[in-house]
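Just below sit the structures, each encoded as structure tokens.
Next come two complexes built around subunit A: one with subunit B, the other with subunit C.
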Partner chain A sequence: MNKKHESLLRRDSVQTLLASLVCVLGGLIVGYLVLLIIEPSGAFEAIVAVMKSFLRYPGALKMKYFGQVLVRTAPLLMCALSVLFAYKVGMFNIGAAGQYCAGACAALYAALAWHLPWYVCLILGMAAGALLGMLAGLLRTLFNVNVVISGIMLNWITLYLTNLVLGTVKSPSSPFTKSLQSTNPGALMPSLGLGKLFNNEKSVTIAIPLAVIMAIVVWVVLNKTKFGYELKATGSNYNAARYCGMKENRNIILTMVIAGALAGLGAGLLYLTGIEDWETTISSVPGMGFNGIAVAFLGGLSPIGSILSAFFIQYITTGGGNVDLQVYCSQISSLISALIIYLCAFVAFFKFFIQTRLRKADERKAAKAAQIQEGGEEK
Partner chain B sequence: MTLLIQYTLIFASVLMLVALGGCFAERSGVINIGLEGIMVIGALGGALVLKFLPASVGAPVMVLATVVVSALFGLIFSLLLAVAAINFKADQTITGTAMNMLATAAATVAVKAMNTAASGGNDVSSDIAYTHTKDLLLVRIGGFEFNWFMVVAVLCLIAAYVALYKTRFGLRLRACGEHPQAADSVGINVYKMRYAGVLISGLLGGLGGIVYITAGVSVWKFENGVAGFGFLALAVMIFGAWHPLKIALAALLFGFCRALGNVYSGFGFLLAMNIPSVVYNMLPYIISLIVLAFTSKKSRAPKAEGIPYDKGSR
Partner chain C sequence: MQEAPYAIEMVNVTKRFPGIIANDHVTLQLKKGEIHALLGENGAGKSTLMSVLFGLYQAEEGIIKKDGVEVKINNPNDANALGIGMVHQHFKLVECFSVLDNIILGDEDTKHGFLQRTQAREKVMALSEKYGLRVNPDAMIEDISVGMQQRTEILKMLYRDNEILIFDEPTAVLTPQEIEELLQIMRNLAAEGKSILFISHKLNEIMSVADRCTVLRKGKYIGTVSIADTNKAELSRMMVGRDVEFAVQKGEAHPAEVVLDVKDLTVPSKVHRNNAVKNVSFQVHAGEIVCIAGIDGNGQSELVYGISGLESVSGGTVTMCGQDITNAPIRRRSVLGMSHIPEDRHKHGLVLDYTLEDNMILQRYFEPEFTNKLGFLRRKNIRSYAERLIDQYDVRSGQGPVTVARSMSGGNQQKAIIAREIDKNPQLLIAVQPTRGLDVGAIEYIHRQIVAQRDAGKAVLLVSLELDEVMTVSDRILVMYEGEIVGELDPKKTTVEELGLYMAGAKKEAKGQ
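Coming up: the complex of A and B.
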């Protein structure tokens, strides 16, 4: 029994899962402490409300909100895939937020101004994200500009550009873009009966399975193909990859194109469901891309792990709206997810800690065994 | 025209302070992407002083208290980066990104909780107003509004230059950013130096935060963070080649671009060109991207930045 437990602990994936759980627990505990500081009397109730998220609603309503959480999980997962794909090739794609903006811009503009069907809008959104990713990749390979810095700059440029472009298709009475439902229903992604499972929630569409399929595709590409292997090799040692005859610059640009496309697609998967419209007056880059970073790291940088962590982060974020707004505020969930990413930075250390403990235990056991053997020889 | 100069100077002060902060951290070998978050927390500290200290204390006390508290807030917040990056050898980019998200979320939660409690649940905004005390920070000479913070910024610039290039401490700090193993081998405590670098960046970043939110406005909505200024400061730092004096010049250039966005409507010919205002908002970022493209080929970045120092791998 004990032996089985130990060998389980030795597996990398188990260690990652354990580390992620510790991060989540840490985030929740600090979140709870913050609630306690604000107002001790209702704090426990509030943290439970956050953690119960949509589960606290009765029957039919529960399914409806469950559906909405899933709808928002899809783009979050795509942003996480974008971040982790680039990270595997040694680049920190903080530009996912901007690529997400670009995707939203292209998809919504194509839908509202040109009245194109949903699949074309989706592809255009993807292309816009890819273009932005390519720009970052080119800046990196041609001019040696760090992708983190160029990504940050492009995030803001894209945000303002998106506001400018989508400002031309906004509804006259509000800062939001016109609704797809009334302007161009053909741009709404088809539900294929999926909505029926969630109490006829209209926003539940094929976007959700599509995101999961993309996660699997990313996993296959990274782990099972020569292309993925080359990319990872470029990431771990640029010069060695070059020495082996890999086209290292092409690989970097391609990676950023793919990462950008994933984030751009994510935006399409959200905005083409009609669940929300773009607000053309926002003055900060949407958090989706940054949350993608949280999701990717919480998921142990694995596409499959990201599916779980994306759902979890979205679950908690939705739960934030449950707190008593007369006393607390919904940003408590952003605080919790920010804390979780901060703790994720310690994952490497945490795994190192487990490994050291295991090694020490091994050494002790070996020493004991040696002692027994020695004792035996003496006899 | 005076308005343009005024805004240029104040924005340049912000960028210079924060970029100098980034410079200290990176020169010691730690990348500080979290400057944006440090600014938010520093701004929060300063805004609280401006809100709660009565205007009757007089200008010198007010300026001093604001400076000290916001710098202290920034410093404490930067400990998050120092502990993670130096003691736990965590990835500095992730830590910094997390700090940015954390700062905005924490400041929003804190301010909202404060407002909610003070108003009994009627006011759930994330605003702090400091209308009555803001005037104490200003000195009017003719039609020109000087800000005491500009003086603070210039003092910080001089201090930063002297500290980095004219003292033993500066030499040691820079050594830790270039070749920590070599520095360690001659008896410099790399961890201590990196702590110093990060904490100084927190101090200057926090200071930059309060200068930014008092530039022009007298109410700040903390939900919005500091709108990317921390990131712009990073660009200023890179453009300034990690050197205080060049950073000052870069800050002036970027400050000018940013100021244009605020006051372009006052210029007939700019207004006549009918450029949407978002273009002016984009301008500093576009320019920094172009500038980076031309200057990054032969980067002057500290060689060991971003690499956690491990004593065992010497």
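Coming up: the complex of A and C.
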């Protein structure tokens, strides 16, 4: 057969890339339209400001803000890895947001109350996320509770628990937790000179390369190991996994544990850089976990693709803060970045659209191939 | 005398795909009121021809005539408008709808946006009465038997006043009794003036019900014969191009030591409160094929689930090669030497989104040959192993080891499973309906493999609904009825009639003999 001449468009990775670009473009257009509707005069400048993000700053300042975008990209990437890992095993880990909270809670509490060094805090954050993931996994296997339902509920439970726990280590004058710099500098992740590259931005630490390494590890585990083979088989066909003697329930719990650990680690990678403190009065779950869903889909559910998409989403989110508040109300920045991010989650939809256009041709090819061989009857 | 025009006539239809001629000047002439069989192996071009008739494909050459007038069929709607209806092999029914709703679906009568079910029900019941199509219009599809689902599909065609009815492999999923009933329904329909196209590769059924038969082989039109003037041997020669062995070639069985020992096994049912398998005891020896016969739904599936560990048992013991495996994990049974060709190849047998090579190692991926000490898959070994199996068991697919299992034909999916399970070199091979829905060539092949396993000293437990298979392949027959083994028969001494009586529960061996 002539599959050597397979057109570029038929390759999965190309389709994903194309669909991702369509989504990004669509998000920007819709964002622009909304700006136009609210206040036409400033719309163009505003959307340009969003798109320019940190690039609008001059010279040295540009590198500093670039660094900050990267610092926030790391936890976003971890949340995306959490979502996509669970997704490969057939579960939608909307609980990544809660696992992220749990990670922040454990990491910050260990740092501020027990004055532990950064690596212990990081591990504790991971453990807290893992525990929460395990809870969802257990509920799924023991009581057949969908992880989406348990995830959403656990998100809120965890948020308020986190506020409660971190309220004990908050600074006396503000709703924020005490700063790591003054309380326990040993809990700040080391920079190893990375900060120097970004105009001495202190928050740039090994968290960034660590997140990228984790993405590669996740890719290797899913694609190269026996463990990944088992997990994907369980996600793709639970009954077949059972039939060939895989421990399907153990696999599901383990998946949620790992997904939770990834999200929890993500929180640690942000809060242990000292770039921000936890606000103990917030009443909404941090968007990081939810944005992770958009990142995972925009990245075509590939760990490597997620590295790029996480950076893009963070870039846009930062850009959203550049909208001129003289012209627009203060919520506009969140609105615009949210619009773009959530349109990005439509990658699967656009990919499906591309595929349906190709599928007819493909199906005929496959039917023909099957008929040459001997099939045809059972599709 | 002028002959009446054909109800449907396809003349010299040629359909090419890149690199292959799927239909090469095929002619099919369906008379009004006849049952016309379309015979051919998988891949002979039957599906393509029907797709052309339905407007799914456009033929490059040839014409289609209805009642002597040339027609253009560009899409399925055109076909429907011409009164052509089809019962697909895999039913197209909405599981959570009632029978009645499924019949009217797509052709609903509404008044002010409300469904007019009363008239529809009358029409359906009238049709059901007229053709002997027993259905319960209010039952949900998911609750009714496969036979009734099929009758629902037939009613769907009749409800739309279709004159030309196409049955695509309609008997593949039915029990012997249901098959007989269906053939009778087809005769009734033909008697009422409907023209029927019967796609099949089961020669017995064609001989029993069809008036004429058109044979295709590798896309070519071989000929049309009148059933009255032909016989099974001629038809199969036309279909396959050579003489086919109907009887399975096998020598005497030499049963040796006990491999599988099942004692008082009880398995609860998932569907109802009674036990699906009640106190069943039997043994399978090395070097023999024991066949569990019975009408579908008499506990055979659950018995296999119990033995293979897919479901937990509530009583009794299962012993294999002297080891008690009643509650052993599935993996342990597999490692001890149990191979299982499952009933449902899509549900259990394959991970359809995995490639062929990844499916080939499904039972052995954890062995050192395929996974190194660090837990990484040894892709090179996997590839060469898959290539060997593909070669040895003649598993055909578009792209070899990297073909996605979902895109393979049913016969080759089944061959892949059989290759995987047999190559494991088991002590006990459990094969559940291993030839379901496959063509003559593939069935012949699979039967030979099973007999070869027996001759290699393996114990084989075969579960089958096909009477022919039960009679020809097995060395010993155990008949299951309502969860119990009601008789043990010797295939050489018994008859199909006697077997049927046991299967229907009319005859029963006294217990404790």
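FYI, the second predicted complex is superposed on the first by the 325 of 379 C-alpha atoms of A that agree within 3 Å, B and C clash if a C-alpha of one lies under 4 Å from a C-alpha of the other, contacts with A are read in each partner's own complex, and residues count from 1 in each chain.
Heads up, the rule we're going with is that a residue touches a chain if its C-beta (ideal position, glycine included) is under 8 Å from a C-beta of that chain, and two chains touch if they have at least 3 such contacts.
Since we're looking at a predicted model, the values are computed, not measured.
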**Request:** Scan A:346 for contacts with subunit B and subunit C and give back first, second, both or neither.
**Result:** first
**Request:** May I ask you to decide whether A:38 touches subunit B, subunit C, both, or neither, giving the answer as first, second, both or neither?
**Result:** first
**Item:** Touched partner set for A:244, first subunit B, second subunit C, both or neither
**Value:** second
**Request:** Once the structures are superposed on A, label A:172 by its partner contacts, choosing first (subunit B), second (subunit C), both or neither.
**Result:** neither
**Message:** Output check: A:332 vs subunit B and subunit C. Expected answer is one of first, second, both, neither. What do you get?
**Reply:** first
**Asked** Touch check for A:227: first (subunit B), second (subunit C), both, or neither?
**Response** second
**Asked** After superposition on the shared chain, which partner residues are touched by A:283: those of subunit B (first), subunit C (second), both, or neither?
**Response** first
**Prompt:** Which partner reaches more residues of subunit A, subunit B or subunit C?
**Reply:** B
**Asked** In the superposed arrangement, what residues of subunit A touch both subunit B and subunit C?
**Response** none
**Prompt:** Within the complex, which stretch of subunit A touches subunit C?
**Reply:** 1-3, 224-227, 229-230, 232-233, 236-237, 239-247, 364-379
**Message:** For the complex, give me every residue of subunit B touching subunit A.
**Reply:** 33, 80, 84, 88-91, 93-95, 97-102, 104-106, 108-109, 112-113, 116-117, 121, 124, 223-225, 227-228, 231, 234-235, 238, 276, 278-279, 281-282, 285-286, 288-289, 292-294, 296-297, 299
**Message:** Show me the residue ranges of subunit C that touch subunit A in the complex, using the header's touch definition.
**Reply:** 17-20, 22, 41-48, 57, 89-90, 169, 308, 310, 329-334, 340, 342, 347-354, 358, 362-363, 365-366, 370-371, 375-377, 396-399, 407-412, 437, 439, 441-442
**Request:** Please give the residue numbers of subunit A that touch subunit B in the complex, ascending.
**Result:** 34, 38-39, 92, 94, 139, 142-146, 148-150, 152-157, 160-161, 163-164, 283-285, 287, 290, 293-294, 297, 325-329, 331-332, 334-335, 337-339, 341-342, 344-346, 348-349
